[in-house]
Structures are given as C-alpha cells and as structure tokens.
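The following block contains the structure, expressed as structure tokens.
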Amino acid sequence: MKSYRKELWLNLPARRGFVNLTPQVEECLQESGIRQGMILVNAMHITASVFINDDEAGLHHDYETWLEGLAPHEPLDRYHHNRTGEDNADAHLKRQVMGREVVVAVTDGKLDFGPWEQIFYGEFDGRRRKRVLVKILGE
Amino acid sequence: MKSYRKELWLNLPARRGFVNLTPQVEECLQESGIRQGMILVNAMHITASVFINDDEAGLHHDYETWLEGLAPHEPLDRYHHNRTGEDNADAHLKRQVMGREVVVAVTDGKLDFGPWEQIFYGEFDGRRRKRVLVKILGE
Amino acid sequence: MKSYRKELWLNLPARRGFVNLTPQVEECLQESGIRQGMILVNAMHITASVFINDDEAGLHHDYETWLEGLAPHEPLDRYHHNRTGEDNADAHLKRQVMGREVVVAVTDGKLDFGPWEQIFYGEFDGRRRKRVLVKILGE
C-alpha cells in the first residue's frame, strides 16, 4: 500500500468564492504514482467546503445566492456563534450544505470521473490563508 | 490490496426519483471477493446523488417535496445557470443537499450497516442514461 | 493492509443534541496501530449524523435553530413518513443536511486535522441507544 499527502494553500480576496482544484489534485495524483485507490480531498477549515460539481460561472452565482438565502450572513446577531466575537456563523452553516470533503476513485492512475465532474473549493469566510488536504491511498 | 470497479447504469422515466441500489452494490461486493475494506458509491453526474437512508415511500415523497421547497425547479429564469440553455440548475442544488457519494465499511465480506441503512440513487434531472460508480478497496 | 473496526454507543437524553466524538475516535486510532490510512466514522442510524465542525456551544445552538427552520419537527402530519406511525420524518431530513459520515486522513498515527476540526455526532431522534461505526484502513 502506498500513501501520499499534500496541502494546497488558498487565499481568496473576498469573503466567498469558488476555486476549481481539479488540475492541482491531478498533479498530486501523478506525483503519488498511485494507479488504483482512493483520494480524499477535504477542507482543513470549518468555514470552507470541498465539493464536486460543474465548472460554470452561472451555477456558482446560483450557489452563492441560494446559500445566502438558506443561511444569511446578516444580521450578525441572528447567530449565537457570533457572540464569541466572530462574524462567520453563516459560513459554518453554508459549509454543511456544500460538504467538507470528497472521496474520488483512482483507476489506472486517473481521477475516475463522469463527464462533468470537477473538484471545487468553496470559501465562505475568506480573505486569509487556508488549506485543503489531499490524501491518496492505494498502489 | 485488491481493488474492484463497476459502473451501474440507470435511466429514470421522470425528472426526479429514487432507486434502491443496495442489492446491486451487494452483488459488486460479492464479485470483488473483498472481505475487509471500504466501498465508495458515487454519482458520476452532477445532477444526481448517492445517499443512505430509509427504504420508505412516504419518506421519499417527503424528500421530493422538501427539496422542491429548498430549490424550486421553476421559474427557470430564477437561476443564472439556466441562461446556458439548461433547465436543471435546481438539480445541481438539490444534489448538494443529498450528497454525491457514500463510503461504506466492508467487514467480513458484507456492507457494515446499521439496521435500516440502504443505499439510494437520487435523480434530479432524469429521462436519460446516467451512471453510478462502485469502487472497492481492501483485501 | 491493516483494518480496524469499533462501534461507539450513544444514548442522548433529548430528541436532539451534539456530542464530540474526537477523543473516542483518537483512542480507536491508537488501538488500531495504523500510521497511514483513512478512517471512516459514520452514523449507523438514518436519523443521526456524523460531521466535522467547531466545538462551540453557540454554534450548536445555531445548528439546532437553523435545522428546525429548514425541516420543522411539527406539525407531524406535514410529512408522509409520519403516517407510518413514526414522528421522526424531520430527523431523516436534518440528517441529510448534516451528513451521514466523515472520512479523515490518518498521517503518522494521528487524525490529520486542521486547527479547529472536531468530529461530532448529531442526534435528531434520540432517547434511545444508537451506534456510530469507526472503520480504519491503512498500515
């Protein structure tokens, strides 16, 4: 059994945004030399998500609007968590809808994906350096 | 380490619906000969889900109604994604609530499940052939 | 390849609540002797969740309020599932938002976590004994 680990660093200029991580994850897979296995990609922060969906700007706009409707950022005092001095309670909620992690099959040295699958980082409390973990197991 | 891979094909007659995949996943596990490990079952399409819940028709009706409330199909122009000519933006949102994938423990050659766990395919943009990936790792 | 399996039992006194499982999962990992791998932690019941987020009481209050808004417990007859004699349809919905499982990387014998990640059990239909499965694969 082989294992591989890498941290990807991100620093989004706005509070919220989406970044396509697929090329970086593919590089990790190539570096690992693993041909059959599973790859875990997870946010290491609890106000961010890793998820798989479409690389289409309109859809990302829809996610932004939809999540803001489900868990509005304001008024800040709507959330008990913000009494700690934070202003990111909504980010902890949005992250639950979009998920923390994805597990992707590795087959013949490739991400075993359907036609439109792409791995995204979803930031809900940005403007600071944050990390994504890539861990690969297999042989 | 052994690995196993299979695609399950589905073609639901309606836009939305749920299909119990558990018997087919159990067949895959038997075919694989793997006794200890993990099994990944994921939608290969970004407008469908794989999730674990109850095989009860009333609950599936509730999921349908609830998801339609959270992310309505219409009006279509509510979503920027539909400006691309698609009409399935809501399906991309519903899929995030229900999830892309499940990872299930394999113990003594069986799906290591609690009493009511069943694996479902959730279709949110059907009436065409779509795939689910089953990948098993272990020994 | 080594594998490890353990069931954690819980019995929450209220219908809903959150329990930090991290110390118990760390004990499992130590017991397993696995240094590199992946760990799966999942609810074995379909009205409960395992998720990763912050160990902060205000946030847990916010989750409770937010989930009750997204999928209210009452009126019971709002849900077809409750016609079976159950009163827990809302719990099946809440569990989908919070998720069934987490997969965590194991690196150098430790949970490979960011600064604030903690593993939680989320109960949505408590007052009875329920189980969480810990499965570890690696070497």
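Every chain is named by a letter (A, B and C) in the order it is written, and numbering of its residues begins at 1.
Operating definition for what follows: a contact is a pair of C-beta atoms (placed from the backbone, for glycine too) under 8 Å apart; a residue touches a chain by one contact, two chains touch by 3 or more.
Note that the coordinates shown come from a computational prediction; the quantities given were computed from them, not determined experimentally.
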{"item": "Equivalent-chain rotation between chain B and chain A, CA atoms, steps of 5 degrees", "value": "120"}
{"item": "Copies chain B and chain C touch via same or different residues, half shared test", "value": "different"}
{"item": "Distance from chain C to chain B - Cα centre to Cα centre, in angstrom", "value": "20"}
{"item": "Multi-partner residues of chain C (each touching 2 or more other chains)", "value": "1, 38, 70, 97, 99, 103, 137"}
{"item": "Touching residues (chain side chain C, partner chain A) in the complex", "value": "1, 36-38, 51-54, 56-59, 61-63, 66, 70, 97-99, 102-105, 107, 112-117, 137-139"}
{"item": "Parts of chain C lying in touch with chain B, wherever the complex brings them together", "value": "1, 3, 5, 38, 40, 42-46, 70-71, 79-84, 89, 92-93, 95-97, 99-101, 103, 131, 133, 135, 137"}
